[in-house]
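Each chain gets a letter, A, B, C and D, in the order it is written, and its residues are counted from 1.
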């Protein structure tokens, strides 16, 4: 490329370099028709809030958590309440509740909130500050959608206000929980109570002393002939007798305090019958409704993490104090190419998520299963790749607490596992694609027949097309 | 995922399985607002034409070309004229000329034609059949945009009618032609003629006996202080004395006859002065205007090739005659996963190209430089990966003439080279991203300062954030 | 790394830079104890012969083959006989026959010939010039090992003399031939003759007019209860009535003439009973004995191809006429890193093959199954990666006939398919590794028990090790 | 592959399945000539010690470390002393000191100890238990090689006895320390003392209360015209006034207590002049001598980690309690293939390290620079890939403290950074390879000339070889 071309190239891109453009200006052209004026405005507010208030608060939050395990899971970093107050002032509260389903939310579509979630994903504190943190978001959706008025009053209201937090207890240590029919926690009806026995782990958020409610999945009817009617969801207050937090699980060496990931024992835990959600045997239905938007949120936050890693990467290679082999890192072609690849990969993955969000918005989550699965598969691996490149550019600082990169990597790594490991989604997509087999074999047969007709018309006999036949099943030809 | 989930998943996807849905129904939701009713209709006609007429004709075309080199570059497979006639009947002609710029075209946007180009890319013959084959498309754009009326009458008209074909002569064997300022072909004005001396290669299309016009770039003013004012473009009839086609170049073992890639010598080749396009010294301007849409076309055809490879892959694993280790290939998890990854990668790359096309349509090609570069980098490698997986599933048939896969691979491999190799585009993108360096270092400095203020407010002194400082340049802090 | 370090680094490596050191000096230290003085000497002769005589002859050979298909498969490039004469003068003849098994060979071990085969792999003509070309090598091994004296006199002798060539006919178009039990060619005994009916493809070498003998696998006893006793191998002269070469198969666009890959029909082809090899029902045994060393040969030639690609890559980036962005390519860090990665990958893959060869030599081919499989999986993908990088550095010249790179890529690509596709070997290795499952689960249980004892001894109760338990099967604990 | 083949394959491999064979029996054939009988015997003792005593002790060690930061860096897990006692009884002590250089060691070559280090790498405690833990190993080498008798008596003796531990202080936070000439810690001579000022980080081992001595690199002569004569190494007792451990750095979320990675401030730290090692200005020489064997140790321990990850992976897929989609994981082809790829990659990388070790043993570390660099580049990425696959197979357990996998990943990740990041080694290798450029261009020119001569002799004129010319520099042709 010539200098002139470079100039043209640069001039335009300079204009759109992230530093100079606001979030609303960086939305891919293809997604613009789906974003309202209001969302554009709030998107910029989110960006500004995250960059100017949340990211600076992250370090303070980190240090306020404390040192020993007991300390880390008993306190509540004060700064988070400052941020929450500020977020509410800015109107940044509960943006996640999609406008076409919930009146309680801020009135944004899944796409619009998705765009915001990218920025929230750049900070450790931003999601909680805006009351958009998992698993509360999914839990609030469940309560809003399926809860009784009493349940809503008691739990949804304080959740929406950010007064309490919640956990969703589904995964169990002794079964392959990616298949929800394997769940074993026993829920027995006894008089006007349910009695729960069993254990759960990866109960994220259960470490926080403000976590007051466990939305708990178990089996009320393990002999039901339908494996999808055995499960129920009940609301279990965190302080119910019989519950023990056995221990907290780590992710790479991080405890994610105070949130944390609990390993919890249930021993004769009793809750009133009215704590059932939607009714006995309807647990499956509930968790299914919970999955789509949550995956969009996770994916967009991961994209935000990748963008942040790339920003740190770019900052590093421009740090005038870091010269290697007599040149700034930004003059090393290998670094420049990695930065470019990161840009291409992030932008492409983002389009995949935005398309999934739009498919949910314009159709519904069920219609969008393929698109959601694609984004779910694509984004975490992309984010890990980008973050890992940034780690490498930082060397020692990259793996330590001096950058957020190693922590982002650890978080990102779990994204290939939670809500179903990559392999499950790939298997589904692959099997689905395979359903086209018969159609495709039939079409190949028709095309071959037509080829032979055309050849005959042109006075020829085909030589190699015969072999094409070999991809055509005998059956298909009939 | 449970059986119930699977069923839901499948049911929906079955509906959208490619075999059952028409092209117009498979457009990603995110792109729909940009597609007119007319385009939807024609898209389905294109798909039907390609699948039912062009693909069956490919084998006939292949065999009609002939055997010896001389034979292969002197004839014209008769079937292509049948297809052209049929395409015109269907209204599928010159769809590539973007509606907002050219009245001669079919009235589609870059996005709309891009969607069609994907289907054209599934067949060897379809692009030429619809008069949408490179390099004629770009050449027609040049003539329509910059040609004089006389030039248009003489060359554009028969090109638009598909009566002749054309070549674009830019690349030279002895210089790094990815930098157009390196071009050396000498164009000397002598009386009322230009005299051309030099050599060109990769002159694609020059092998076809119907190729009548070479749009040729050279230097009229090699001493001009501006390296972007030295080049000119002149129209050189293919039969002008002094032109020798030295030889035809192969791509892997393919000669791409009759089209071909010529290595051409110019020895005192004389054309009248009126054959200059736009004026002396404006060659650079012309080639720049030529690049954007062409890259979209290439990319979308490559996506079509990838889709076709995936279809062949799926057909293969469903072929009841091919059992390995006692199971059909579609029961082998490794195959299923590769199919799924291919689906994810194709869909994601397509979104990247569609976004680039939309950016051209809603802004312009210059504004879309980043998006075009991203698609240019992303698509060929993706397509090669998908095609290679299909080759592996076919084994011997995959590398031979019995499937189009090896040929598609060879074509795809050139896509990482033509119009600038990957590395050039990555370098540009990377350097551009690097321009954010100062802004990012400044913002990090501001964020650190704010962190310290927040810590002070909370009565703390930060421990680890000090090191964050180390990514902040001294200079940036000033 | 400092300048001083660099100097030390360089000084040493300069000494070992390939240009300055002979082949015998470049053998990895780890392999040296296995190489005799004689082999060292001949290895250097091979290198010199390949670089100074064969590689220059390649271009002549290529052009002597001719143009039309008929021509390409009927002639015999004269230069190959010059080379063969020269090779015999140098004592470079039949080096492939391992010394511990065959008196007819040149007296080298598999390792020693392997080292030579790497150099042969750098040239199109060198293997045939030294009578070490596939499939003759494997065929000669079969005849030497299993043939009767009459068979040896008739076929082995002229093969060893390089007077005729041969083909091995096993693969069939309509079955998954990677499982030899699927072979269907019918061999019926009728009087004192065998009558053969069926078809074969990928019969490599069958295109050469000098190919006089087809070593043909088929079924003599398709009802034998043992699927490994049904097959027999018979010697079929190429000119036997009833044989038709239906067509030649291409590899990518290459026809590999005059050698070629035949698709052959057998219609009542009759050979005398004495043409059976080893006896009826012993076909399986024969092909098994044929596989090990052949895979070493292929792998080492592929390593030679990769080395040649790397040499061309290095030459390109040092070509003073090719500047991009104002710098020689060798100053572009991206290119330098790719060169370095290629060096690491080639050297590591070579060690894998050498270890497999040594395992055959010190144990036997059966003992070396794992090592052979590892090399078989590792080398082709490595070679393709290295060759592809070189192609990219050459741009247009890389995909065309102006470098051997594209042809090497096509050849290399088949290596992932022939003698069993990667997937088959991976499956075998993976299943074998899985056999350790029970042992490993048992050991984990023992380790856990010991952990608990140690903890008790130290007055502790383990917290997290409990979960380790979960990888231990209940069964294993019993 | 047929069942028969599979059986043959399996039978042999069963024999060599790791569970059934001892470490000494698993040494690759290619390496056997280099391993003494004594080493074979001790290798098996190492394996047994690691599997039966160290790995069970790991969990106890982990829990004995404690909870709060203060606690974690002040104690000394009692179990490590039990292991050390046991190791000495078994004769497993200081095996790392290579026999040809040090009389103090156990009498093994670098290769032999390398084979043992693989097994040490499977346990958290084994290296320290056998007094073979970094950085003590390199430090003991420095003292043994360069120390005065007084220095040896005071520091080497207790280190060899495992009574104290040590740190090597080289890396600094504010410079690109991969270039040792950038080091800035000031060492000023004042009377009969050196006075040190500056800061160091990644001072591994400095967290351990038993760490008594810092081998410290700084600058005594920053104005020396030679950048390699400015550095000196001095011995600084850890309790010298003026030293502050500012904080401990984490690796991902792990603090690696009690060992740890210190960030240390030096403020007017005074040591007597006799604490200099080797003499002023000789620091560079010392660190160079320290690098080779250490990289072998790291690499072999990483290979051990990869083997352990693969064992855990295999155990997981054979766990009868973990079924997904109705099948054990070991029936999922995707898992089986990943296991197989891991086997291939581990075995190949091991050969690379063994070859480097042998090159050091048979030549010396300087001669082995290329081989060491190759192993240094190859192993960490391989290990990370294998560990990551195992993590994925475990899901939540893989990222948590319930398996050692996440910790192994974090450790492995640092291996791409310490002792020079990948990029530095690749750059060196690449530049070295580039030195062949002129030779290769010259040879290409000679080959081309010979081609033309041969063609002439055969009465031809070459067509395509002309272009080969284009890779040959004009200069080279002269």
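Just so it is clear, a residue touches a chain if its C-beta (ideal position, glycine included) is under 8 Å from a C-beta of that chain, and two chains touch if they have at least 3 such contacts.
Worth saying up front: this structure is predicted, and the values here are computed from it rather than measured.
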Set of chains adjacent to chain A and to chain B: C, D
Equivalent interface positions on chain B and chain C, same or different at half: same
Distance between chain centroids, defined by C-alpha means - chain C, chain D (Å): 34
Cα-centroid distance, chain B relative to chain C, in whole angstrom: 36
Distance between the centres, which are taken as Cα means, of chain D and chain B, whole angstrom: 46
In chain B, residues with contacts to at least two other chains: 174, 178-179, 321, 332-335, 337, 400-402, 423-424, 427, 463-464, 467, 470
Pairwise touch network: line, ring, star, complete, or other: complete
Chain C-touching residues of chain B, taken from the complex the two chains share: 67-71, 171, 174-176, 178-179, 201-202, 249-255, 261, 321-325, 332, 334, 391-392, 395-396, 398-402, 406-407, 409-410, 413-414, 416-417, 421-424, 427
Chain D-facing residues of chain B, complex: 173-174, 247, 332-335, 337, 463-464, 467, 470
